[in-house]
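Reading through the structure tokens given below for one structure.
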Amino acid sequence: MVIVLKENPNPKQYENLLQWLESQHLEIHTSQGKHQKLLGLVGDTSVVDIDLILALDIVKEVKRIQEPYKNANRTFHPENTIIQVGDVKIGQDFCIMAGPCSVESEEQILEIAKRVKAAGANILRGGAFKPRTSPYAFQGLEGKGIELLLEAKAETGLPIVTEIMDLSQLDLFDDVDIIQVGARNMQNFRLLKELGTTQKPILLKRGLSSTLQELLMSAEYIMAGGNPNVILCERGIRTFETFTRNTLDLAAIPSLKELTHLPVIVDPSHATGKSRLVEPMAYAAAAAGADGLMIEVHNNPAYALCDGPQSLTPDAFDNLVQGVNHILPHAFRRQN
Amino acid sequence: MVIVLKENPNPKQYENLLQWLESQHLEIHTSQGKHQKLLGLVGDTSVVDIDLILALDIVKEVKRIQEPYKNANRTFHPENTIIQVGDVKIGQDFCIMAGPCSVESEEQILEIAKRVKAAGANILRGGAFKPRTSPYAFQGLEGKGIELLLEAKAETGLPIVTEIMDLSQLDLFDDVDIIQVGARNMQNFRLLKELGTTQKPILLKRGLSSTLQELLMSAEYIMAGGNPNVILCERGIRTFETFTRNTLDLAAIPSLKELTHLPVIVDPSHATGKSRLVEPMAYAAAAAGADGLMIEVHNNPAYALCDGPQSLTPDAFDNLVQGVNHILPHAFRRQN
Amino acid sequence: MVIVLKENPNPKQYENLLQWLESQHLEIHTSQGKHQKLLGLVGDTSVVDIDLILALDIVKEVKRIQEPYKNANRTFHPENTIIQVGDVKIGQDFCIMAGPCSVESEEQILEIAKRVKAAGANILRGGAFKPRTSPYAFQGLEGKGIELLLEAKAETGLPIVTEIMDLSQLDLFDDVDIIQVGARNMQNFRLLKELGTTQKPILLKRGLSSTLQELLMSAEYIMAGGNPNVILCERGIRTFETFTRNTLDLAAIPSLKELTHLPVIVDPSHATGKSRLVEPMAYAAAAAGADGLMIEVHNNPAYALCDGPQSLTPDAFDNLVQGVNHILPHAFRRQN
Amino acid sequence: MVIVLKENPNPKQYENLLQWLESQHLEIHTSQGKHQKLLGLVGDTSVVDIDLILALDIVKEVKRIQEPYKNANRTFHPENTIIQVGDVKIGQDFCIMAGPCSVESEEQILEIAKRVKAAGANILRGGAFKPRTSPYAFQGLEGKGIELLLEAKAETGLPIVTEIMDLSQLDLFDDVDIIQVGARNMQNFRLLKELGTTQKPILLKRGLSSTLQELLMSAEYIMAGGNPNVILCERGIRTFETFTRNTLDLAAIPSLKELTHLPVIVDPSHATGKSRLVEPMAYAAAAAGADGLMIEVHNNPAYALCDGPQSLTPDAFDNLVQGVNHILPHAFRRQN
């Protein structure tokens, strides 16, 4: 951490600052420039609140040199994290999570589960609790939806991933294999903390306006509680472009692989909001070195009204998986 | 709502769509253009999920003409909503909420409460539960913090506003006058729903990447549950600019006053993240027609390490309130 | 185009509007809703200035249904545009433009030209006029730089692409094969117009905050003047993320291929600003169906101070081209 | 400037870096941390290209401590710049530039000029060269438009400001009092350089996605050439919000006043794109300490089709000026 002082700092305040920094067990290196003095801090600065120092009258700027996350930091954990879910080793095997936006009926979820398994998906996704912008929109089958997912799991053997919206729902997730934290809950810190007390794999989606560092700080919330099983998911960020629903940030894949040892998957369905863009973005994510994909698939094109514009038919999904499998052997692999 | 069809739509799918729209009690007006057909829908389209229609193969675009919120919509409720809290009529009187970022001690909160009351604040703010990006940062005094706020309320007569982070905390807020929903929880729909079942005034902060329409949809969640007492708060949105923490969107004030009848207040402290920008932004917000301000004030410049860079001293706050009071008689007033 | 009128429009103004629309040779379809009247306009609406209609007191909203570009629009030109430059058919063959950020010396550009040609590049890039944020930074060798590029072209047979910054420089570009218009000049409309009077292939980079539609409108400026040879280039847009210099929007590839018949290439070097992210993003762009890449390569790792952090060494570029060649046979291909 | 090295830097490369830095006349202070070494550089770092250093293999990060602009920097020029145009001292007097979006006819510009002068404007604005997104839209009267502005100036005594689009037009601006550089040209560096060779006051608009630092670097381009007469203009930045055309960043006013000594004015017409938002944003800008406003006014409500939705009628402008005059005595004033 580097602290830049204003010109001619008040000597008493400067003395106070030095004392306080030393009380934090930080070693201080001073450089006197023409217009300002720099303090270089050496030691564990992750506990130092940057805003506190910025508040001081004598301070012009504070710049963090070391990332403020530890458990999630590749510097301290160079090996890739591998999370086993059923037979899938996430972070090692390429993982494809597929299924409908919402669980709607037993027939629907069983049918889709069989189709996506046959096509090559290794995890079943499906929404039971649905975060909807409008209070008047369908909010999901809730507990019943989770029951149907478990039925599909029993039938197909596919592990399941589904979204939690509030920590009061946690009991219902006992048999869920991966708990998803949605983009809107990425900074629901109480929920993250609670999930940190379990050992469940957590699929943590990047918030719509979150930086990579914030995503990693949210992962750190879970990990600091003792749960190392975090899977990161890039799902698009909000920009001024309106043709796509969000802007899928695929450079986040190699960037995150550099910053952290956690697996990184990509959800092109929500990012683009248009089913015809899902296939090319899935290919791109695979090529860029993602550890997996999350894809929406619906099974009833005749009654497509029940499904979002980002969903593929099972046939289109078949095609997508085949294409991805062609690309995977040639995908980018990070060298440590 | 206007539906634009692709060229040469499949006749069977077109027939299905027409039937489905009619089953939603919508009247349909058709216009045949050179390259596409338009369907103009008349009726209550707020229940129609725009994504469902977009999913249809034969549909090119869907455009909503009428806003999808009803309770919050000024079209249907032309009169300003006025929410009485203690002696303050929010939406009619100019309201100033002030206090520390975090409640830290009895001495601190009592001292600040007295100072901000003397300066002209009519509501006391203070954080008991603190949403912090880092799990290693101070998370607030929690229940104890609320007790201290209530003590300050008893001593000064100022109503209090403080942030809830999770619905499991709701019982602790029984005697809190205004419950704040923070920017990161603006789309915590379970929390919004639960708050809709109370009659408590809710201060709803705009999310960092939320549009005005999304803010109003979140207000609608609370109102649809039966709680009409929603106060909106602009607190900056995230952009590429890095000099300020966020970009304060002051055009949101007259825009929201046009779209909705709810009161609109502004938080320049969090938006800018720099205490020296708070005063000019407070003046600007008042001039643009805001119904109030939320300002961070801290009382211990000697130990400023305990407070963020966006906090003013009580003396600076005195000065700010006087400046705002000079501007208020000349502020913009919306004409209905 | 759909015009939504406010409730109870002034009859005289309404009459005026209808007359004016008819004078524009537009056919009008009227739908009366509960709260507002819609006018659906049929005909050539590309000449109608949407802002003019929005200005009318009686108008609530105007929504364009048809894209306002014609020459660049795939609807009217379903076949891919193919632009021959030397032996390369851009839009059909995969094209790799590579070379240094700036031309620095004869030795440098000749050496790099040979290396990138050997590695598989089919076009040589190099900056002669450099747009630099700071007036104190190196601004390029200018005319001399173009001469050196032409020398490298003579030596290697590679066609060259280099950036123009102002139309006063146009004469110097007589023997340049492709003229690049940089992101900062995407809306330099005088320059676009002038380039429209030539038949030179133009590489048009997307502006840092430009929508896809604006990019296509800028292409339309060139094409409307009679020059159909426009190559579009995605090079990252500006967002709040700070780890990468910009956010590369790879969904722009299939989106643009849907909207337009023009070739689309990707520049991962400028987008990310970090050389170690260039390879994965190049793979991703190829997989998503790009028509080509533009890559910065420098030749002197020992004296890397002369080059930007987004440049690869020739060896790294070799490796990148091989990787891309593995992916290309499996890349996404748009079906018309 | 602070350079953070990677762990265990190659000793030879480290030695090279030190030598190069010393050759730039920079003094170097070294701090050895647990995981990395810091180099603090003292001296004139404005000439150091941050990207060059970032390119080195041994460098993890480079952070600039001092702003890279000198002429525009308040640190080195603490006094406000005052630019006299006719009778108006911009930077001292509050200045109101008003007039039509486009000059359309002699009658129109004379009529508006008289009206805005009577209402209190002290500078006349009007577009002769119009940057239009669409090649099919009206592009302005060009040279004829400037003649008409000069006529209006002769008639009313108001100095005039109008936009240049390309440096080939410069001769036509001989008698123009203030040359405007539009947002799209903020980084047209050739144009900026050329304007730096004149002594004309330049109104420099912030680009749609430009940071404040970039705006100041563009001002530096003009000033480095010898022209100190730069007026900065905030006119909204691009965000995801769609209700307003852009997001007016009013915190830019006190931020710029802190960073630079140049005058700062605000254009609420273009920023919001809606005439009914212009008045409240003008009040807010005045309250926040702006040095002036730029406002679009049109004179023919009956034929409003000729003007954009952001234009006020002369009566609304009268009202706005009166409101602003009430606020000005109470506006925020920066204390040095």
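Each chain carries a letter (A, B, C and D) given by its place in the written order, and its residues are counted from 1.
Keep in mind that, in the parts below, a residue touches a chain if its C-beta (ideal position, glycine included) is under 8 Å from a C-beta of that chain, and two chains touch if they have at least 3 such contacts.
Quantities reported herein were computed from a predicted structural model and do not represent experimental measurements.
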Chain separated most widely from subunit C, comparing mean CA positions: B
B-C or A-C, whichever has more C-beta pairs in contact: A-C
Gap in Å, rounded to a whole number, between the CA centres of subunit D and subunit C: 26
Euclidean distance of C-alpha centroids - subunit B vs subunit C, Å: 39
Centroid distance [mean C-alpha coordinates] between subunit C and subunit A, Å: 31
Sites on subunit A at which at least two other chains make contact: 209, 238-240, 242
Complex contact set, residues of subunit D against subunit C: 20, 46-47, 49, 51-57, 68, 131-139, 165-168, 184-185, 187-191, 193, 207-209, 214, 217, 220-221, 224-225, 238, 275, 301, 304-309, 311
Residues of subunit A defined as touching subunit D within the complex: 2, 4, 29, 31-36, 38, 40, 42-43, 61, 63, 65-66, 75, 238-240, 242
Residues of subunit D touching subunit B in the complex: 209, 211-213, 237, 239-244, 247-251, 253-255, 258-259, 271-272, 276-277, 279-281, 283-289, 323, 326-327, 329-332
